[in-house]
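Both of the next two complexes hold chain A, though its partner changes from chain B to chain C.
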Partner chain A sequence: MTRQPRLAWLLAPATLFLVLVYVWPTLGLFRIAFNEVGPTGAMIEAWSLATWRHVFADSFTFELTLNSIWLSLTSTFLALLLSYPVSLFLFRTESRFRSLLAVIAIMPMLVSSVVRVFGWLAILGDRGLINSLLQSLGVISAPVRMVYNWTGVTIGLAESIMPYMILALLAGFGRLDRTLEEAARSLGAPPWRTFLRVTLPLSLPAIALAFGLGFILSMSAYITPKLLGGGRVFVLATEIFEQATTNTNWPVAAVLAVYTLALLLGLLALSNLFSRRLQT
Partner chain B sequence: MTGAGPALSAAAGVVYALILSPIVVVLLLAFSADNFILFPPSGYSLRWFIQLAANGPLLNALLLSAQIAVAVTALSLLIGVPAALALAKGGFRGAEAMKSFFLAPLLLPTLIIGLALLLAFTPLRLTATLPGLALGHMTITLPFVIRMMTTAFAAMPDDIEAAAATLGASPRRVIRRVTLPLAAPGLIACAALSFLLSFDETVISLFLSGPRAATLPVEMVRYVEGRTDPLIAALSMVLIVGTLVIVVLVERLVGVARAFGNERS
Partner chain C sequence: MRTRRVVIQAGLAALAAPSVLRAQTISGSITLMAYAGIFQDNYTRTVVEPFQRAFPNVKVNYAPGGTSAQMVGNIRAQKADPQVDVAIMDVTTSTIGNVEGLFDKITAAEAPSLDELYADARQVGGDFGPAVTFDHLVLVYDTQAVKPPIARLADLWRPDLKGAIALAAPPNIQGLALTAMVAKMEGGDYKQSIDPAIKKLRELAPSVQTFEPNPDGYSLIVNGVVKVATGWNARAQLFSDETKGKIGVLLPPEGSVFQINTINLTAGSKNRAAAVAFINYALSQAAQKAFTERMFYAPTNGKAAIDPAAIARTAAGAESRNRMIPLNWNDIIKVRDQWNNRWRREVIAAGR
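Then we have the complex of A and B:
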């Protein structure tokens, strides 16, 4: 088909929409981070760093940052441990059902996060699957608390980011050269050695990318920490929501949001750098 | 090396069980006869489905979510499809930059988008209204529609359109009578995805919902925060079945792979 530069005006409605409903509000968020909060709690128009000083003088901000990073590290690590075998299996399998198995692996993406959190409440709760099982086997006498604390949030978050990490790993495995594995095997290396010395090192770039993606998704997750944490788990995401809605302290919410975004950008750059290093 | 090997297959099997466990547990819990979350349930019944049918707030939220999803889908296609057509067929300078611009909202966490929209919409009195929630959801669905339809248009063979143009059809007529009908499978898949994305959107909706207007995921969050009984499991069952019906329908109707021209590559 002949190219039609006249079609360019068809971009106008979508462009106008994104400028008004995405670009403008995002700029507004940055602007509000420089407003001040008056003594009555009302927002005062200003161009100052007062809110920034207030937020970073508070040791709670430091605690939230550590909580967010620690939670994201543990849940991403857990998710990576679980996603890796699934991705490698999907990459290698010659089953007729390969595409169906791939769809099942990413199915949680299609199910509402609230539904999945509810499922974890039923599995990990005081009267849930695991506690009932362990009590009927006589392993424990009183239920082990696994929800409304960090354990539950870590497990739930790991499960929610797994589909994305499986997809990222699968995309990265595309570079894996199977002839190298075959060479190692034919030279007499046992399977575990082939895995440790050939497969694993070759898939490090894929692992770095998947880890970066999982980490960023966990840092900005809200539903899982909120519901599985039951108000006892405090991270940057939950604090941003609290400040914006319950406290209606917009400047503080905006400062925390810009701060979180900066952290994410830094981590993204780090993960890209790491992944590129590993490829060369 | 061929195949996956028994050790790897076994490990993958265990992880599959883990991935599916929350969904399976919810489906079983929907038929619980208990007053609280007890798993395995001590008995089975349909009582929570009956309770669900009588729960006004949840049913109202379901209706609002459906209305929003329909509006969001219609508007996203209305402004997204022309943009995708221009990006795929226009060939003007800056098309690549525009493609990145249209994808930009997907890079920002919904937590940040939700907050930005709350701050922007409150002075305009758009929060807790159907139009406000629909505009918020469109920041997610529009990039998806543009992305998917650009791929679908680009994968279409150029020769049929060229033939129509050679035979004297005006460019507008070519688009209406040739390009759009050829893209119908992609349009249907796109509409279904857009509907599901809007219907499931939770974080942006949490920021933009108020006591007057709350979408279904927001009502569900509020319910789970306050109480723990199997009612939400019954509702989840309805939602999962609904999603499956839409996915299977689209697959039967057009084939998800075919909709985006994969069979030609």
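Then we have the complex of A and C:
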């Protein structure tokens, strides 16, 4: 037996597992997308495009798509702004606590997302930490609404994807060479110019990688928009859940899920293309 | 004297013999899927445990099932190999199960308690699972923070409640029920048009803090997040007791809407005899009395002798029945998507 086929056998358990828990259910999802729903809400076994037509004729689907993309863009951008300096610091620091600091930075991943969201409700709510502080300082007279709207969801989502983005940035900083920065500084470039002309361009592949990951995680996020949105933030993920578990309309949920999957795959391909261009 | 007592005891024993014998011949385990949380706690104590005492050879596994739609979804997914024998859920979703063949028909010959039910409780499921509880939509409020207390549905539009209201918007059935109630408040009828209701709800939208109370409106009031919310009477009454009156419950004089839970026998149940025995027990006078007095769901068994004080706090109270808006949930299901879209585009959009 040659080396390659022997290696392929190593992939067999994982492949089998993926087929069982992912491919097979996804095929089931495709099948349900062609069923119909009767007037009582009962699902009718069929091979029909009626649900597809219904979903794509509804302008709300377009609105959901735009909402999902916009929410993902804003929260990922916010998360990037916050994650980049943290990652750069972790990458550069020679502190003996570097590992500990890295663990602290990604610690939110260890906490349930539901718990994190309820934490944000306690911080950003009308009677939360920030509003209480601002009111006690006399800065505001009435609470500023920061949850149950887009603001709350954007903040919560940015925080939830930050640990993943920090890890992606750290993994992508491989091409950052300190000697190039030192060369720029020795040639008289001030720190801000060194950052703009040397550090930032060299970290663009890492940024692209982290941005792609953050964007995709945001697109598929459900808990944060659901709990922090107050029923005002409609995105594809929440709509799929709503259709499946409140409306009992599995065919519509399946069509939206297939559509979201296709959208994400397309965006992933674009992100990969962009990353490769940056690396070449 | 002694002889007479022995004769009476023997007679009673002979009368009870068939049911005792039946109770001993039915055995095995069944899975009951129903709501979680306080429903599960109280239903287990007042119905499941007494049933198990009456049928010592039957074990009931209580599987908390989330929302009604999640429960019917679970049973749909298990259609080829059902793991659930009995399910309690909202009528809007059990109807789906009946149409899809997920549930079986039940006859009075196998479950005699069916003959003791109110006519509307029996009719709601047709030949399938009947109503097991009645409930209705109420307004719940913080009695310490809302001064003066709210007295009618129209009070939701009071300026002092701005930003302090939690409403569950459609497709949640609370939102659908509220739409019918506001339609009536505005002098109309939801069957004709919901335009006046939507117009009025648009005016309310800026006062609403959340259209999706999580985990529920009662908890948000207890935690001081909101002052008023919509809720279901039974749970609201229980929370009112548990919070020693912090939560107030109002059945709006403008009217309310019944919510109906049905009890359903899963098609292909692996222990049909025990499942039917459980359904029969759950609909019996004893079980209905115990659960109503515990949790204030209105009974569906017309012969259950329930404490008048408990009845007064349920949908079966005379005051409650008079205020109910006749609403056919099967009709609502047909317009649910349409109402849902109007809420999203007109009501919630006005409250952003």
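Brief remarks follow.
We take it that the second predicted complex is superposed on the first by the 258 of 280 C-alpha atoms of A that agree within 3 Å, B and C clash if a C-alpha of one lies under 4 Å from a C-alpha of the other, contacts with A are read in each partner's own complex, and residues count from 1 in each chain.
FYI, a contact is a pair of C-beta atoms (placed from the backbone, for glycine too) under 8 Å apart; a residue touches a chain by one contact, two chains touch by 3 or more.
Predicted, not measured: the structure shown is a model, and the values here were computed from it.
After overlaying the two complexes on the shared chain, residue contacts for A:247 are found with chain C alone; chain B is out of touch.
When the two complexes are superposed, the chain touching more residues of chain A, out of chain B and chain C, is B.
After overlaying the two complexes on the shared chain, residue contacts for A:123 are found with chain B alone; chain C is out of touch.
When both complexes are overlaid on chain A, the residue A:234 reaches chain C alone and has no touch with chain B. Looking at the shared chain after the overlay, A:48 reaches neither chain B nor chain C. Shared-chain residue A:60: touches chain C; no touch with chain B. Once chain A of one complex is fitted onto chain A of the other, the partner contacts of A:272 are absent, as it touches neither chain B nor chain C. Common to the chain B-facing and chain C-facing surfaces of chain A are residues 121, 125, 127, 226-227, 244-245, 250. The residues of chain A lying in touch with chain B in their complex are 1-11, 13-15, 17-18, 21-22, 24-26, 28-29, 32, 82-83, 85-86, 88-90, 92-95, 101, 104-105, 107-108, 110-123, 125, 127-129, 132, 159, 162, 178, 181-182, 185, 191, 216, 220, 222-223, 226-227, 237, 240-241, 244-245, 250, 253-254, 257, 260-261, 264. Listing the residues of chain C that touch chain A in their complex gives 66-67, 69-70, 72-73, 76, 92-93, 95-96, 99-100, 163, 169, 171-172, 209-212, 214, 224-225, 330, 333-334, 336-337, 340-341, 344-345, 348, 351-352. In the complex of the two chains, the chain A residues touching chain C come out as 38-43, 60, 121, 125-127, 143, 145, 148-149, 226-227, 229-232, 234, 242, 244-248, 250. On chain B, the positions that touch chain A within their shared complex are 1-5, 7-9, 11-12, 15-16, 18-26, 29, 36-40, 78-80, 82-83, 85-87, 89-92, 98, 101-102, 104-105, 108-113, 115-121, 135-136, 138-139, 142, 146, 158, 161-162, 165, 171, 174, 196, 200, 202-203, 206-207, 217, 220-221, 224-225, 228, 232-233, 236, 239-240, 243, 247.
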